[in-house]
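The first chain written gets the first letter, and so on, giving A, B, C, D and E; residue counts start at 1 in each chain.
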Amino acid sequence: MQVNDNKEFQPLIVAFCCNWCSYAGADLSGTNRLNYPTNVKIIRVPCSCRVNPIFILRAFQRGADGVILCGCHPGDCHYTSGNYFTRRRMTLLFSMLDFLGIERDRTRVEWVSAAEGAKFAATMNEFTEAVKKLGPNRRLEDLRCRKQ
Amino acid sequence: MQKIGVFVCHCGTNIAATVDVKAVAEALSHESGVVISQDYQYMCSEAGQNLIKDAIRENGLTGVVVCSCSPRMHENTFRKAAAAAGLNPYLVEIANIREQCSWIHKDIATATEKAIILGRAAIAKVQLNTPLTAGESPVAKRALVIGGGIAGIQTALDIAEAGFEVDIVEKEATIGGKMAQIDKTFPTLDCAACILTPKMVEASQNEKITIHSYSEVSAVKGFIGNFTATIKKKRRFVDETKCTGCGACTEVCPMQKVPNAFNLGLNNRGAVYIPFAQAVPKVATIDPNYCLKLRKGDVNEKVCGKCAEACTAGAINYHQQDEYIEQKYGAIVVATGYNPIKLDKFDEFAYNQCADVVTSLELERLMNAAGPNGGTLLRPSDKTHPHKIVFVQCVGSRCDDSKGKPYCSKICCMYTAKHAMLIREKYPDTEVYVFYIDVRTPGKNFDEFYRRAVEQYNVHYIKGMVGKVTPKSDGKIDVQASDLLSNEQLHIDADMVVLATAIEPDKTARPLATMLTTQMDTNDFFTEAHAKLRPVESATAGIFLSGACQGPKDIPETVAQASAAASKAIGLLVKDSITCNPCVAHSNELMCNGCSACEKVCPYGAITYQDKEFRTPYRTTVMRRVASVNPAVCQGCGACTVACPSGAMDLNGFSNSQIMAEVDAICK
Amino acid sequence: MSNNLKEQVIRSSGVNVLKCMRCGKCSGTCPSYDEMEYHPHQFVYMVEKGDIETLMNSDSIYKCLTCFACVDRCPRSVEPAKVVEAVRLAAVRIQGNNHLIPDQIPEMLDEDLPQQAIVTAFRKYTK
Amino acid sequence: MNTFMYYPGCTLRTQAKDLDAYARSSAEALGISLEEPENWQCCGGAYTTAKDEIATKLSAVRTLNAAKEADKPLITVCSACHNVIKQTNYDISHDEEMSAKVNNYLQLDEPYNGEATVYHYLEMLRDVVGFDNLKKQVVNPFKGKKIAAYYGCLLLRPSKALAMDDPENPTIIEDFIKAIGGTPVIYAQRNECCGGYITMEDKAQASKRSAKVMDSAQEQGADMIITACPLCMYNLKKNSGSELPVYYFTELLAEALEVKEADNE
Amino acid sequence: MQEAIISRAKQLLADGTVNRVIGWKRGEFAYDITPAIFESPEEIDADFVYDDFTSANVSKYLVKESRKEGKILAFLKTCDTYSLNQLTKEHRVDRDNIYVVGIPSDGKLDVEKIKAKGITGITGVERNGDILTVKTIYGDETMSVADAMSNKCLSCKSKKHVTYDELIGEDGEVTDTNRFDMVEKLENMTSQERYDFWRNELSKCIRCNACRNVCPACTCENCVFNNPDSGVENKAAADSFEENMFHIIRAFHVAGRCTDCGECSRVCPQNIPLHLLNRKFIKDINSLYGEYQAGADTTSKAPLNNYTFDDCEASIVHERGVE
């Protein structure tokens, strides 16, 4: 969580992006100068299927307010099948987080190809807004990790 | 103790205009482990790289973080620079502060703040980087080409030319494929046999090439550089080494009612046959479904046996069995080709009801000098000369329903123009109508060719589609069609109808893809590794694609792709060993459960298991099943790392602790 | 108006006219082709353009035999006969626009005419 | 004994009494019991493909539901009834919106969603009796008769819904002809429309269509033509201008089984 | 039943089919039954117990035991056979080294439920149809069997043994239970209500690891929570997040592998309904990817190691029902 001058809540968003599609899509939105908020910080992974649920929980533990996972569109995975596994894993994980009462809008999976710079920016804008509306993550954080 | 160097790039003003690079360098200099933090105009320039190299040498850096453009841009540049200065290239990390920071944000304060956080994440990660060395795996200097059509032949010739052994596996009794059945080729109208058969002979005479005809690949194991294939040589009841191809057996065979597959059943042949005069290998084959002796079941019975009597070379062997050959290959090229689809679902065109409604490939045989009519175009029904011929385009292509194929078969527009032209040339008294939806002629000299058919040969091209073909009692065929430009429904009294039948991949392609763990699309065409940039490679390393097995193609395109696939295969075969991407998975045997979860999600079959002995307390040991990753096969996706419940499986370069360190640094 | 009509026809027919690749096979196969002013492929194209009223005012809508030859043979699964039916319904549903009125029936009858024909014609021409 | 629910339809009660009578007597001879549903209504004559018409489809659903409740397959012999009922059944089981609307309207004890099985009489002969079996029961075969099968449009199309035979190269009536000892004549117009209901207002068009069918059959040397549809029968006989005899397939069946006179005095 | 089991165990030891038996013996109290290894008929006669309190699933012990010399005899209730099958599928046990005798299970008793009726000093029980006679040092008490039945048996999913070498008694069928009712009830709550429910439950966790230690799916050589490289190493929960983390990850790790044996909740000293987490995954898997019962066979692909091209998107979670 970041607090800026006018004290509007600024969520911290962690975005996991696969190297081949979504990270390149993020680069493309940069190349095209398409703005999205500074709240979003990208972590590069080889494939969306590299993202362990533990990473996502860890981000929430350390104070992230939203976590989004981006990968190649189903069928386009550089490694042929990675994102299909991702899709099942994340569907079940998100469903479980929802079951535990964690706000469902804090998590998201989006397929962004290397050509979809505009979609990447739009997705990040939307997601940041959605998380902003939810307010700070309180239900799934480690109090010891909160910034004083 | 870590000694990390941080290098912040201005990228001219690309970064420096929105990110206060000096502030970033300053802030990052306070991070733990950082011993030097500098900024520079252009880090990727030679001077910039020298800055990094000098810093590595002078400060004995253990890790480098470059805050610059996307790693997709210059990661390799900086890795090379590090390696030149003696630092393992995998100890370099990039913080992307251009594409993912300066270019998308406007406010300098927040952009700078974000750049610092991204730098911190890279520093946190690089602390956990380990030096990686790319592994090596040997390459067997032999290629396997599956399919002996023009694609397979061209690929094999090119590979052999480069000095490597090649095996062609062809399921039919001869190589040559579809091109051997074709009469003339567009857009030059030279005779297919005249340009193909020399290549077939060349292939058979090339000492580097081994042709396994009447054979199929029954199993493939291994990985790039190191495949093992099992080839099943089907029994042809003729000893290939003895048969001289004299054809005496084919003449004495009393069973002459076998539909001649080479002529698409338009005439008959014997139960023992040589597919066509220029067949390679020119060896007879007995069809056990028709041979009077073999059909009996007991070959010892005194039935027929005329071919054996006629064969002076003693090549006929009724007792022959299938033979299996196992061979190691460094590269595999798939060239399984295509077939016209079955037309059972399109009987509005009366293909099954009228002998004079033929497919285009059948027309090739009907017009071919070596075909059933010796090159004179005659109606199959009554052997009379047709005076009005209607061509129907897109039969089974571009369909949205289950009857046909959704794609354009690509070659039909051109071969139809060729057929029309050849007929008009040879039989000026024959009227030719072509019903088309679109005429697609992209290709060198293609449209000119089609225009010639219209302008010079006066072929009637009609925009519209045939709706119903009705054979009549007088032998004519009523073709009911729409003419969309004149907005009328036409009835043409034709003598023959030729259907430009959609083409589909050979039926053997799908089981082969499973065997090779390569991808296919829903139409059973092999999928290339990248639609634009890697068009002749499959996504599975070491497997290449040649010809129409990858998608509909004409001959020039097929040959071009065949040579391209060959050059890719040669590029692999010239190497004694291949360098593997070191960012691969590895399993910690002490933690591995041997549960096979990782193996199940691995798209490359890179994970195998073995039983290993482990020490347990009190000097006892226990056998456990543990996973090991073949670094030559693993591509580093990381699917296994998440499937593994104990965390025994981890990924070099993107380890659990590295990613977690990034998460922590960002969330700090 | 015409946009509403187009929507109505598309909804009523359940046909996606955009799937048409303009091959004309429907018109090539249509047994009523010569009786029609507008032909099956034109129905599809004109509905796509939104030019429905022209079709509604044409006699062509009463010439379709609903034999489904175009439906079965269309390579793109467009189902032109369903478009014709939808346009005809749009026409006869207009008050007073029935194409067949009961008073006309007696003179059409002959002793062999099966009532199937009468029932069907009523279904097709009348609302 | 196999029992079916048998739906005759309106025309079989009036102009096509033969079609009905021979169907019944032949079924009896073949050991098939046909039960007529109570208070059946007209099928509607033509199936409205429009998605926004429900009322015109209800009577077919009522018939189908009667078969479902009786737990018997529904059998039809008139091509038009068959077409309407099969299309209704297909759509109601594939189109949720339609099924919801119909069930909302009908308020049956249990919603109807396409559970009933619908057979054409010919399908019953093929799939239940079996043409081989039928052949054995023929006492009066049509030896040497060249018989042309006329499918028309309603029996085969739309093939997705009717699913009776290959719509372009059907064999069911030809196989039937072989079973009763005749020689089938294949001709191109056998699956093209006779002109149908257009005969009401455009005799010329109906004549053109039916003449084309008859000519096509005659050209291939047919001695007679057989059909399952009263309207086809009407158009071919009345409008084609051809002298080629046209019969209902049931008539030939009854004759082959020698039950023709018994029921049709 | 105990006699039949004991006599069969002794036979199989005597004829050399097996050299060890895994069974159960009694602890300090009548209802305190724990798994134990027996190597001789004498040991069996002395200590072997099989009664209404014998709930413990012994299949997990076979991970280690089946790697030892010689064959081991295991008596498995229906639910235990699912666990063993799953372990076989994951190569965690050497099935060839195990001789499985399937025994019927008509439901086991939960002593806590008996105690909750105010009954103490229990020395034994006797079942007579639906009536349970509890013997205590203070005399006999009666209650209905159903009231004393352990929760996991109340929602028994199957009376059918999925693997065995021989059976004692008749085999049953897969049963149709309402085991997802509670999961569904929670799903229909609001997000805040669910959060409150789980906060209340999970905050009771003392990280004793009993759930992990008893779970037949948790047989990792080294648990990720003990692995210093995993980044989530934590041996004792220090705060609410870590309670969540432990249970979410544990449930996720057994998702698609959990046979729903219910041992986790049975052994939880804090009575946290941990099985609901597993059942939530099972329910989701069944509804999203098709019915799947872990342990029903040894060949099918686990749902999380499998996919289809048209699987639903993760957004399905965001689109459904109650927020």
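The criterion applied here is as follows: a contact is a pair of C-beta atoms (placed from the backbone, for glycine too) under 8 Å apart; a residue touches a chain by one contact, two chains touch by 3 or more.
Just so it is clear, the model here is predicted, and its values are computed rather than measured.
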| item | value |
| --- | --- |
| Co-neighbours of chain D and chain B - touch as defined | C |
| Smallest number of contact steps required from chain A to reach chain E | 1 |
| Most central chain, Cα average position | B |
| Pair joined by the larger number of C-beta contacts - B-E, C-D | C-D |
| Rounded Å distance, chain A centre to chain D centre (Cα mean) | 61 |
| Centre-of-Cα separation between chain C and chain B, whole angstrom | 47 |
| Chain centre separation in whole Å, for chain E relative to chain C (CA means) | 66 |
| Centre distance in Å when chain A and chain C are each reduced to the mean of their C-alpha atoms | 53 |
| Multi-partner residues of chain D (at least 2 other chains) | 168, 192 |
| Set of chain A residues in contact with two or more other chains | 53-54, 58, 81, 85, 89 |
| Where chain E touches two or more other chains, by residue | 224, 230-231, 304-306 |
| All chain pairs that touch each other | A-B, A-E, B-C, B-D, B-E, C-D |
| Chain D residues touching chain B - in the complex, by the definition given at the top | 166, 168-169, 186, 188-189, 192, 216, 219-221 |
| Partner chain E, residues of chain A touching it in the complex | 53-54, 57-58, 60-61, 74-75, 81, 84-85, 87-105, 107-109, 139-144 |
| Chain B to chain E touching residues, read off their complex | 590-597, 600-601, 609, 622-625, 643, 645-648, 650, 655-657, 660 |
| Residues of chain B touching chain C in the complex | 348, 394, 398-401, 403-404, 435, 437, 463-468, 480-484, 487, 489 |
| Complex contact set, residues of chain A against chain B | 4, 12, 14, 19, 23-24, 26-31, 33-36, 38, 41-47, 49-55, 58-59, 62-64, 78-82, 85, 89, 121, 145, 147 |
